[in-house]
Every structure is written in structure tokens, then in C-alpha cells.
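Each of the two complexes below includes chain A, the first together with chain B, the second together with chain C.
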Partner chain A sequence: MSMALSGLDIFKLLPKTNCGDCGVPTCMAFAMKLAQKKAELSACPHASEEAKATLGAASEPPIRLVKIGGANALEVGNETVMFRHEKTFVHPTGIAIELRTSDGQAKNLEKIRDVENLTVERVGEILHSDLFFITQDSDNPEDFVHTVEATKQNSRKGIILNSGDNKALEKGLELLKDDRPAIFLKSRLSEEVIEFAKAYEASLILTAESFEDLGAQSDAAKEAGINNLILNLNSENLGHQMQNNAILRRSALKQSFKSFGHPLFSYIKGENSHVILARASMQICKYGSIIALSEYDKAMLYTLFTLRQNIYTDPQRPIQVEPKVYPIGEPTPESPVFVTTNFSLTYFMVSGEIENSGISAHLVITDCEGQSVLTAWAAGKFVGEKIAKFIKDIKLEEQVKTRKIVIPGLVSQISGDLEENLPGWEVIVGCQEASDIPSFVKNVQLT
Partner chain B sequence: MTFEIPKETNAGRVVEVTLGATSEQGGTRSHTITIGGSNALPFHFFEGRHSNRPIVAMEVFDKVPAKYPEPLLEYYRDVINSPADMAKMCVDEYGAEMISVRLEGTHPEKGNKSAEEAADVVKHVLESVRVPLIITGHSHFEKTNEVMKKVCEVTAGENCLINYVETDNYKTITAACIAYNHTVVAQSPIDVNLAKQLNILLTDMNFPREKIVMDPLTGTLGYGLEYTYSIMERIRIDGLAGDQMLAFPMLVNPGYETFRVKEARALDQDYPSWGNLGERGIYWETATAMSLLAAGAELLIMYHPKAVETAKKKIAEIYESGKGE
Partner chain C sequence: MAKKSGQKQYSLTFLPFDISVKAPRGAKIWEAAKKAHLPLRAACGGEGTCGECLVQIKSGTYEAKPSAVLSGHFVSQGYSLACQTDITDDLVVVLPQFQELLIKSVVGSEFFEEHKNNISGIFEHDPVVKSLELQLPSPTLEDNYSDLKRMEREFQKKTGMDKPSCTYSVLAKLAQAVRAEHGQVRVVYIHFPNQATIVDVFPVREDKKICGVACDIGTSTVALHVVDLKTGKIESTASSLNQQIKCGEDIISRINYAQKHGHLQELQELIVRTINHLIESASQKTRMSPSDVYYASFSGNTTMIHLLLKLEPRYIREEPYVPTFNDLPLIDGRELGLNMNPEAKIHLSPAVGSYVGGDITAGLLCTPILMDSEKTALFIDAGTNGELVVGNKEWLMTCACSAGPAFEGSGITCGMPASEGAIEKVELDKSGDVHYKVIGRINPRGLCGSGLVDLLAELFIHGYLDRHGKFKEPKASQRMVDSEEGLAFVVVEGKKSFWGKDLILTERDIANLIRTKGAIYSACSLLLKNVGLPYDKIDALYIAGGFGQHLNIENAIRIGLLPDLERDRFYYIGNSSLLGAYLILLSDKNKDLANVIAQRMTYVELNTEPSYMNEFTGSLFLPHTDINQFPSVKRIFENKS
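The block that comes next holds the complex of A and B.
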């Protein structure tokens, strides 16, 4: 266990010669910079081994970054906050799909191909699952090896190996030599598995029934030189799972409790797909780094992808949609034109409510760097001149015959400015709230 | 290795709010329901108390919402035009713990039904079910005030949850709640400070704290969920830290908000990568409900029977883990 070191703590470990070779005039000043993470110890050519070891440990992230997979590996961990509003969550929950050897090769191959094709675009991001979780639940170890082989041949996603049979496990690892696999341990950590992890550079998913045992296994693995660890504190009960996750995360972040400074894993099963979805949702919200789904379907994955995207969005950097003209319904050249900003939420609300109103329209989304209407207006990004320029740039006048454009009611003040910059157009001030669009279009002549 | 669970205790506690009234209390409900009372973050039984489980309510309508989706109609087709029958079905068959009567049909542009008609609907629902009621209005100030005043009057003593007041329109409805002994929902647009300000306005009218439920405004999954989620977490953290004007139970609307969006309505053939429509709506509403529970929701108004079933089961399971703590 170690806490962040203060400038004074660090100073004590430095040569105290004030030689300036690090580029900072005094050792004390250098120590202060190190404490603020504005300098690296490697800048000091005279640092002792003790200083390197101590500072190295202190500068490790509180939750270790672990990678699974080859070229496009999944990265999990490195989180620094308990709540997304404090800063942001950084590495979205990895979603793994389980392949069971008992399902037979044909079915698994079909599943692999299905999962590979399952991608969805949402606000400019391609959403997909990340890993396969291969479980040996049939007697023949060859089944396991074949499934690993088929997965490697048909997918570039990372692989988690789950077999209690060490011979089968080793054969699987052999196939995944350069693919940085993970080994899921159903039972306690053994010497043999430690050797596998070393030989094949695999990360380990440790399973325990208690905090104490989980910590002990984590310490033992690290003692043996394995640092790429993922933690699975087993519990059937969702309430315990959520509390365990909160306790592990808090221990790592607030107490710098190194034994628990690792990503968290959960295997998700349930009596039906709705329960699986509910459990998976909780894990995505509250600290699950990798979830392995025992069952899946398209709609379930789309839901989970969207939740993951929502929760892992940086609160300081709103999601933007591409600035362009969006057809709502089946617009003709005569259909009305609406304009708003490219803040994703604004786009979703406005497009959804135009749809709800039952009319077809052209929705012009201008580039406001993802800001909402009032913020963008205040920043001078959603003003007459800029909107007019955008409309000319995209040659809207060639696409539509109408010459009426509806602006958000919140920025009625720009209407004169916009009309001036957009000769031939009539600017109509719309409603203030998107939810009032259906009644607005009923009461106002737009064409 | 020695490990001690890091516990954090809080100075504040979410106020307990009781909904409904039995005959001894001047109402006609078979029982009351209490929400709130937590002194720790959601589900943190290891470091605090959660005296009351979150409650799942279902909603009936004085007028069938435009574009009410097929996956819901499958369940409600025979009763959708009869709020009293639909309420009974929700309680008896789908396990609704409360019923929200949404009076959108009184909106001048959505039917313009009279306050008297609305009051009749509410009276019929009161007769058909014995659970406490939520009365849900709309954003047309003048009309919703008129309707709520009437409804508060005819349900005097029932301690309904009057849903909702907002900063620009709270006086009339709050006064009616005081006069006829109801509880109120204070709705604010996804903003901690505005939420707090409204609660201060209500308490300045001498409205009792234990009769306020907050609605932080629900953005459903994919449509601003992350904003609602984080605002709720911030409200709860501040409330637990001792800010009395934020320490109220929170109401959310996964049902209404989910079944308005494309994902819960679009046909399979239009969006092949989105999967089966019937399941999609259930998943969408369930994921919204679960994440808002994680953020601190105490009262959820939900629509799909399968989503209701799952949410209730998971709430019960989570609270199972708190036994003996």
C-alpha cells in the first residue's frame, strides 16, 4: 500500500546537491515539480535506485491499465474518479460474448460471425463488442482448442480463455501467442497458471469469494511478477456485486490499496435476457471494466452499447453530430427547414420532436463545436452570419424550394441578422422547448 | 494482507416522504407508501441505511398518447381507453405499486378536456385501485393549474403525489396541495442549482419538506441519460453531505421518455442493426431504469410490463443484500 508522495517526501529521496542537471535549479524545486507530476524522475541523472523504486510505485496509476487482444487491443482500467461528473470515466466497459464448447463448433462459428457483424453507428461512433469469452463446458479438451482456433480465424477481437483443464488452456494459449489473451480463473491461482501467464504474456482474471482472498491472490500474482490482473469478486446477488465494485474502486482510488488497483470483471447470467440486460447495465454504470455476457441478442447489445457510450462520454466534451442537412421523415423540396446546433442532445431532441409532430422536414445542423443553442449563441457560433454562411456552403438553396427557415425560440434575437445575411428567406422564430415542436408546427404556417 | 472496508458516513439523510392515505388518515387507500430515508449512496448498505425500497409505478392516460407504440398496445389494447380498467390491470396483473394518471388530454392542443373531466377520470381510478396515486399534468401553465386545483379538491385527503410544479409555475398548485393535503413533485431542468432554488421557493411557502419529491427531469437512454444520471448523483451527494434543500427523494420517468424515442418504436426492417422492436423497448426502458436507480432514483414511473417486472425483481434482489446490515 502506498499513498501519493508529497514534495517533501520526494525531496528526501533526491541527491540534494542542487546540481541543476535536471533543468531545475534546486532539488527542492524539482521535488515539487515531481509531486505535481510536472516532471519525470528520469530527468535526474543522479537518482538512486531507492528513489526510482519508491517514486516509480507512487507514480503508478491507482487502477492499472490492462490490455487484452492483439493489434486493436481492448484497454481497461486507469480510472481516476468515483463519479463521472468529477472528471470522466476513461476506458469504456469491455463487452465480451461467451462461446461455450458444449454448443458445438457449427453454432459457435455462426455466433462468432454474427457478433463480428454486429456493429451500430451512433452519433458518429461505431459501436461494437470487444472480446470473446471462451468457456470449456464439454469433456473433450479438443473442443476448446477448436473454438479458440475458429475465433482467431474469424475475428480480431481479444480472447479470454476459461478452461479448468490446464492442457487445453496451454494449447489455447499456444494459438494466441501474439494476441495478448486473458486467462479466467474459476478457482484459486495456481503455480501452473502463473507460469502460463508469464510464458504467454497473458493477463489473469482472479476469482475469489472474499475481499481477503482476492487481495491475497492479487498480492501473490504480483509477487510472482504478474501485474496484468483483473479482479472478479464472485457474488450471485446484484446488490452485493454493486457494493463490492464500489468498495474495490474506492479502496484503489481513495486508499491507494494496491492489491485492488485493477480493473473489475463480471460474468453476467440470468433467468432471461431482460435480467441479463439489467445486471449488465448496473455493471456499466458502476465500475465494471469487463462484462462477459452468457447470452446476447442484437437489441440487447445495441442498448448496452448506447448506455456505455452515455456513461463514458466526457462530461466536459459533449458528443457532436456531423454538421449537415438531415432529412426527417421523407422531405420533399417543399418541406419546411429547421436549423439548430450540432450538440448531440439538441439534435436528438429536435429531430425526435419533428418526427413526433408527424411532418417531414429538412433539419440543418450547423457546426457549433457541440454546444447547445444558448451557449453557442453566447459564444458567437450560432448567429445570423455563421448560419447563413453554412447554408450557402452546403448549397441548401439548390436542394429545397422553400424559403422559410425556423430558428430555435431561445435565439429569437438573431432573426433580423439572419434575414439580412440570407436574402430571399423568411426567418420564423420557433418554440423555446423542443417538446413544443408538435404543437408549434400545428399552429404556424411553415410552407 | 489486511483489508478494512473503507466506509464513509454522511451528515445528511434523504427526507422520508409518505404517499397516499388510508381511511384512518382521511383517504381511501389500502396502505401508504414511504420513499426516501437513505443516509448513504444508492445500495451502499455496507456504510449506511436505506429504510425504504425504490417504488415502481405505472401510468394510465385520460387520452391515448399520439403514436402509442405497438409493443405496449399488445398488452393494453383492451383497456387503453379506460384509465380505471388499465390501472386495475397494471396493479393486479403487472404489479404496479402506484398508479400515475397522466392528464395530457387536458392540454389545450391535445384534446383540451375540462378540469371536471379530468377529475372524473381520477375519481374512477381511485375507485378501481387501492394503491396511492400520482397525478401527472403538463407544461401549459394556465390549464394545468386549473386542472390540478380541481383534482386536488376532489381527491382531498388522499395525499396524492401531484406531478408537477416548476420554478415558473408553482404557486397555485402548491397552494392547492397545502389546502387539500397532497404531496408535490418539484421538477427542474437537469440542473442542481435550479432544483435547489425551487425547493427553497416551496419551503418558503411553508410547504413541508416531508411532502416534496424532486424530479430532475429524465433523459432516456441515448437522449441525455448521462446528464440526468450525473445531476442525480450530484444532487444525492450534496443532499447526503447535509444540504437540506437537496435531500429529497427523486422521481424519474423511464416509461414516458423511452416510448417517445425512435429506438422504442422503429420497425425492425427500418433499422436492421437495432434488433427486434418488441425486445428493444423493454431493454431500453430497463437500462434507463437501472442506471437511474444506480444514480439514486426512489420512484420510477414505468410502462412496459416486462421492464416493470425486471426492475422490481432487481430492486428486491439488491435490497436482499442489505438485510442484516
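The block that comes next holds the complex of A and C.
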């Protein structure tokens, strides 16, 4: 068991010749790329056998990436941190909707189509569910096969098969030959299922009641050559589930405990939709990789989509707002004009403070790739020429009557440049901090 | 200013910039300075109340309104407030805000003096420019070889080298030189591998000096040594503000400024003028003349070198941040308009990239960082643009951060460079009295970087400041005053200061200092995180920069500028860029070493590092939002409560 190697640890294993044959100028730079998993050791033609052995083991991701589905497969796993703020969570929790054979074909078909149509757009992203979880709870194995068939015909989402009947299971797998399905195991791992998984390239969702058993099954599956595993540690108690998930994630990341280095699965049921929502939310927040929902409830799904998007948004990437003119309050063509960058925090602070000041205004947001005012200025993205071009492109002069524009006080340097590029406009240097906008607008003639 | 008919125009010359403008009779000096784009500060906006726009009028008559902030003692010396003075004559005006040009600055380094034989650079005297006495046999009708041939022959005989090449200027004076003293001449030659070029020849009795110049071209300040190349000794030193500051205080502003037509030319002229002034003032202190300078070794950040060479700098700041060049062959001083011997060659320290320049490769020569492959060192150059290097003999990683010129004294009400009159050390005692030490024997004019670090730490430790860097209101002290910029601390009372007015530190100043130290500390943290090295694995830290002669490490840690490690791991090395340039001047081997360093360094771009903002924001506290990173500071406050 070893911790993830740092750039320096890896450097010590490299030839230290700075030959540049790997495409990176120095061995240290290459080592750092390896540490960040942005490069492969095979790029170095001079790596020693020792380096290959040590790095090979260390470069394996601590939590395995597993794919379910065909062309647009769901990817889960590959997580590297315990907490979102440490870096980012990589693969959003996959949400599976359960189809039960006992509900009858007609009802299931309607459900499949309904689920397929359920998408929602939020902050520029299309949100939807990802998988179907097909459970055989009727006696006739053909029901199961028919449901799988209907799903495959009407949806491109990945499929998890849940049947205690190996014959039905095999038929289902046969139908999904090229679709990378997953097999959910209600009971312990069997030889037959191992053969299925091998033959049909299916992932296995292992179920256990204890850490020991889960580890033993995981090791056994890997021994048999199956690596695409997903872990399901059963517990009725929500608190225990959360604790278990944390222990599993911690063992994989911090102790490099390979038996637990896999995505986590949970089947969500409960006496009412509130309980289901609570359980599902916990899984999304705390390390659940796939949740299978026993109930299909649109309102609940919207809630879960939103939560999932919030948790899995990369906190490292600046959130941008769309470059355009935003009305603050109820501006008229005579209202003053402010300009700033499209870093979302900048936008929210400036728009909020203009609102606080009690005036209405036009807020021009230019495209600065989500950078804040000074950063964008330093990178040449928030400068006179570019701001002027944007104002001309959006035909601001047709929308407003005023010919004065307020720029952030931190970039007073650009005022001359902007005036030069915007003939007919007067540039007013605003305050440095957004919080001073209310007093600024009282003291300065803005139009 | 429209010219009205009948209104007489006068010419104003501003020193030390040597810039002239025309202004009508009755206009204020302050208006003329603005017209010349000189960044004359005045907190009161030209009301005559702050006293900041102080000027000294060297020649010409003027009419000044009396001001309460200017004592009679100053008025009698020709001092006046630019905003209160009417122009009635041609004037020569000195701007004391920029007077450091004329005052000896602190550039020496105790570290270098003590460790010069144990650093990465080689401390030996073997310059590329050498001189040699030759006795040319007198020509006869039989031995009627040309003067040049005879000089070449003797040169080859004496040095064992191949036939030297020879510059036109040598040919032009050769006939006279060889005949002045019966063939006894001294030749000056530049010794490249396998090839020598003779660049000067003169009769032996002329006993000309053969000098070199080592120069650090900083964004804010420029410093140079004039070195006697025969002995390798530093003959004299001069430093000044970079005259380009009138075009913007930081690199980005300069690059922006250069974008307009004619501005790149102006920037180039300003830096050349700054260097020429320095060469002149340094040579006045010795027997040498600028034409004795045959070789110069310059180090500077990539932008400064681009501007010196009049190269388009804009791509330095635009993604993917690519400079025009990193290393260059020797160039001719005369092509740049430098005031040196016309044959002088200029060496520019090699850069690593857009934001890590030759000042850093030169600076590393002055540290032992390349001596050991086990021990790891961290090098911090806390200039206007902060640069960091971590590594050892085997690997070097580097990054840059925009720190701002606060520790060089810019942008701080009472700040100034480390030159005469600067407070370099500050202590507060329990009764609230301020004790300080001034450079030189005059009343304090301001605080240099080391004094500001002390002051900030002392104010924090003695409870004047909270961790956000705001004054604690209840701490009623006679030292606290209400200034135009809010609460301020009086460091030196008016009656004891050079200017006759209080030297104060405002909350805005403190915020500025905190931003600067935060930028440096957070960049260190991030660089080490990138490498995968915790702070305590750093065996030695070398701190360079324009703080002054000394830097109180304890106080630098208390404010969170430097990490909280054992104090004996820290070394303050002063202006390492200048010293590195000096080492390169002394021996060509250091030139090769600098190239090796530049090639070995790997540059990390913090701009693309999303967590930089987090690290930086966490550093905007005294000493840091996470006090556990500074256990020794934590203990001080625990013991108090």
C-alpha cells in the first residue's frame, strides 16, 4: 500500500537527463505532469524498468473508472479527493430509474418514454437521468427479456440488470452484447456470473453486508480477471450508509486499499418520497457513484439534478455569465451604463451593488473568459480596444441614449484607450470596490 | 492648454528625468508636470495641503503662495509646492519624489561578502575583456609589414592565440598609437573561445582604465556597479528609479503603454537614459570615463530587457505568454545608444520565460542552490514582479507572481527605496514609543522595505492591528491620527522628519503591504504544492529584493511574508540580480552557468492554476487566515491571552 506519488518522488525515478524526448523540456516538468496524471510514463523512452514498475502501480487511479452503456456511456469513479474544495469531484452520480417487470410491459414502456423525455436546462447544462435499473420481480423470465428489449429500443441510456434467474440474465446480456451493461448481484458472487461478466464485458455490482465480505468478493472478482466492479454495502440506516461510504472512499484514496478502489452503488427505497429524497441526496453528497431510484417522481428528480449539478460543478473553474447587456432595475435609454467582466462573482457583486444604490442602469458584461477585472486586464482581455469592439458589436448605441460609460476603478489606466476606441463616449472611472458603488453613484454625474 | 496670443511661454526642465515642456506664464508647476506626464503624487489633489508635490527649483524665478506645510527653512533652499507655484520664468525643477537618482542607495549584500566562495556562481577574476602590453618592433625598409600585421604578429606571439580580428575604430587610431611611444602600445581585446577581437589600442603611457558595468534593470529601480576589469574590484555603484515609471509602475502597465505609436521608442530611450545617467554618475566618483567601459553584463526581467532592446512586449502578457527571445548573443552597446566605449559588448542574462527573466538566472548564481543534490532550497525575489525558484543541483522549478512595488517603497504613503534618509529598522516599545534606525545621517524621509516589514509586524504584535490589517479602534494612542485617508499611525512626528511633516502609515498602505506579502507567500505555497514538497522539507531560503541592507526575518514571518520555519534556514541576500550580473562580468564561466540554470528551470504558470485565488485570499491576513501555518505567531497571541 502506498500513497500517491508526488512530482518529486516521481522525478527521482526518472533519468534526470532533461533530454526533452518526452515532449516536455525537463524531467521535473514531466514528473509533475505524471503526478497530475496529465502524461503517461510511456512518453519517456529512457524510463528504467524500476521506474515502470513503481510508477505503473502508482499511476493506477485510486478509484477505478467504470463505464456503463454503449456509445454515450455513463462514466463513474476516478475520484481523487475526499472533499470537493480540495480539487473537484470528477464524475457526477449516475441516476438510474427502476423498471419492475411486475408493472407490466405497457406501463414500463410509458415510463421509459417519459424518462427519456425528462430533461431540464440549468445554467447552460442539460440535466437528465442516466440509467435504467431493470428488476425481475415477476415469475416469467420472458417479462425480463421483453423489458430489456423495450428499453434498448426506446432509450440509449445504459442498463443495469437485476435478476436472480441466470437464464433470464443471460438472455438480457445477449441483447445488450455491445452495450456494456452492469449486473447487479443481490447475493454473493457466483462462478456463473463471473463467466457472464467475462463473456459479455459487463460490470459487476457486488453486494455485501459487511466490509470484510465486500473486500473478499472484490478480491475474488479481480482474481477471476474482472476489474470493472461497483460496490454496494447494504445498510438500512442512513447514518451508517454515509459513514460506510466515507470509510470506503477514504480507504481507497488515503490508504490505497485496492479492494475498495471502485465506484459505489446504492438502491434507494423508502416508505415515502421524502425518505427516498433524503437517502438519494445523501448519496449524491457523499460519494455515491450510482443510485437506483425505486420511485419515479419528476419533482424529486428535478431536485436531485440540481443538487448533483451543484456538487459536481468544478470549483476550480471560474463560473462565467453570458457576455451581454444586463438591465439592472428598470433602465430606460437615459439610464447610466456600467461595464465589467464576465466572472460570475464580479457580475453578481457589481449588479447587486448597483441595485443597492437604488438606481437603474445598463450593465455591460464583456467576454473575459470568466476572469476578474485585474486578471483580465493583465491578460489583455479587458482593455479599451476589446471593450469598444464588444460595445460596437452589440450595438449599444442603439439601445441607450447616454454616451457616458463607467469602468471599474481598478483599471483607470484603460480610460484613455477606451475613449479613443469609442468615439463620442466619455469614460468615467468608477470606484475600485463594488461596495463603494452606492456612494459613488450619489457623488458622480453618470449621464 | 491652448496658447493665447501675447501669453509668454516658458520652458520647464524636470530633473532627474531631464524632460522639458513649455508652459504659459502664470501656469502652475503642477500643471506643467502633468503635461509632461510625470507621475507627481499629491494626496490633496493640488490644494496645497498635503505637501507631497514638493519640488526644488534650481534656476529661474517663480511666485509661490505660502503654505502651512512648508517651513521657512525649506523655502529658503528653493523648495516649493508644485501646486502652489506660478511659472514666471524658464525653470529647472527637481522632483524630490524621484530624487533617489542622486542619492546613494543600499545595494551591497552581507551574504555575498561572507559566502562568495561557496555559491553556485564562480567567484574568480577572468573577464572576457583583457588588456595586454605589446612592444611592436619599429618598421624598417626590410621589415615593412603593415602596422596591423605587426600588432597581430606580436599579439599572437604573446598570447599563443590565433590571428585576432580587429575593429574599424582600432584601425582608425592605430597609426598614431604605434608611433607615439616607439611601438609600445596597450591593446584591449575581447577574448572569445578560439578567437580574440582587438577593440582598442593606445600608447602605454595613457594608462586608461578598462572597465565593465554590471547592471540590474528592475521594474522600479536600476542599479549598477562599475568594475575595474584589471582587478575585478567594484569601483563605484549607483542606483536610481527606472525612469520608465512615468509610463506605469508595473510590467503590465508598461506593456500596455508600449502599444501606442512611438511609445516603445520612448520606453527604450527612458531606460537607456536611466542607465547612461547611472554610468555617468558612477564614473564621476572615480577616475574613469564612460568610454573606458568595454563590456557590460545586464540582468533584468524579460519585459525590461524587451523594452531595452525595443522589442514588441505584448506577447509576454497574452496567452500563451511567449517572449521574443530567452537568450541572446552579445550585442553592441552603441546600437542601443549606451554611453560606453563604441566597441562595448553587452551580455544579457538568459531568461526562462515571459515572467521569469535573466534577473533570476543571474540571482541564482549568488545562492548555493546548485551546490547540493540532496538539500532543497527556495529562492524568493520579492521585487515588483515576485519570482520564486525551488530546487537543488538536480532540478529547479520556478514561478512568478505580481507582487507590486510596496516593499520597494512605491504606493505607500511613507514608502521610499532603501537610500539615504530611509528608516530601515523599526521597533515599538510597550509605552508605544517608536524607535528607528535611519540610513545616513539625516532626518528620516520615509521607510524602505525592511522598515515597512518591521513596522507592520510591530503594529500587529503590539495589538494596534487586527488580523485583517485594520486598526483596532479602542486602542487610543497619541500616535493614531485621522488622516485624509482615515485612521493612520504616526511613525515619525513632523518635527523629527526630513520633510517637516508627519510620516504616517494608513490602512490603505497596510492593505497594499498585505496584498504584496500575500501574493508572495501564496505563490510559494502553490509552487511547493505543485512539486509535492511541504515547507519543512526546504533546507534553506534565500530572500532577494530591494528591502534594504537587512531584513528582519522574524518580522517577515510575523506578517506572513515568509513561512514559519527555523530562523537559521533563512538568508537575506539583497540585490542578487546585480551581484549575479557582476559575477558574469568577472568570469565568462558564469555566463555558461547562467545558461545551464535557465535551461534547467521549469516554469509553472500560476495564471492557469485555479487554486491560486484561494491561496491568495487566504494570505490576505496577518499572518494568514490559517494561523496554524504560523505556529510561532500563534504562540505569541496564546501567551498574551
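What we mean here is this: the second predicted complex is superposed on the first by the 268 of 447 C-alpha atoms of A that agree within 3 Å, B and C clash if a C-alpha of one lies under 4 Å from a C-alpha of the other, contacts with A are read in each partner's own complex, and residues count from 1 in each chain.
Assume a residue touches a chain if its C-beta (ideal position, glycine included) is under 8 Å from a C-beta of that chain, and two chains touch if they have at least 3 such contacts.
Given the structure is predicted, the values throughout are model-derived calculations rather than measurements.
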* Touched partner set for A:G7, first chain B, second chain C, both or neither -> second
* Pick one for A:N154: touches chain B only (first), chain C only (second), both, or neither. => neither
* To do: Considering only touches as defined above, state whether A:N78 meets chain B (first), chain C (second), both or neither.
  => neither
* Asked: Does chain B (first) or chain C (second) touch A:Q432, or do both, or does neither?
  -> neither
* Where does A:R317 make contact in the superposed view: on chain B (first), on chain C (second), on both, or on neither? -> second
* Which of chain B and chain C A:G352 touches, first, second, both or neither -> first
* chain A: partner with more touched residues, chain B or chain C -> B
* To do: With the two complexes superposed on chain A, say which partner A:K16 touches: chain B (first), chain C (second), both, or neither.
  => second
* To do: Could you tell me if A:N227 is touching chain B, chain C, both of them or neither one (first, second, both, neither)?
  => neither
* To do: Using the superposition on A, tell me which residues of chain A are in contact with chain B and, in the other complex, with chain C.
  => none
* To do: Write out the stretch or stretches of chain A touching chain C in their complex.
  => 5-9, 11, 16, 18, 25-29, 32, 35, 316-318, 375, 377-380, 383, 413-414, 417
* Show which residues of chain A lie in contact with chain B when the two form their complex. => 83-85, 118-120, 122, 211-212, 215-216, 219, 237-240, 242-243, 246-247, 250-251, 254-255, 257, 259, 273-275, 277-279, 281-282, 284-286, 297-304, 306-307, 309-311, 313, 315, 345, 348-349, 352, 355-356, 358, 433, 435-436, 438-439, 442-443
* Asked: Which bits of chain B are touching chain A when the two form their complex?
  -> 1, 3, 5-6, 8, 41, 43-46, 66-67, 109-110, 139, 219, 221-227, 229-230, 233-234, 237, 260-263, 273-277, 279-280, 282-284, 286-287, 290-291, 294-295, 306-307, 309-311, 313-314, 317-322
* Which residues of chain C touch chain A in the complex? -> 248, 252-253, 256, 314, 317-319, 391, 394-397, 402, 530-533, 599-602, 604, 607, 610-611
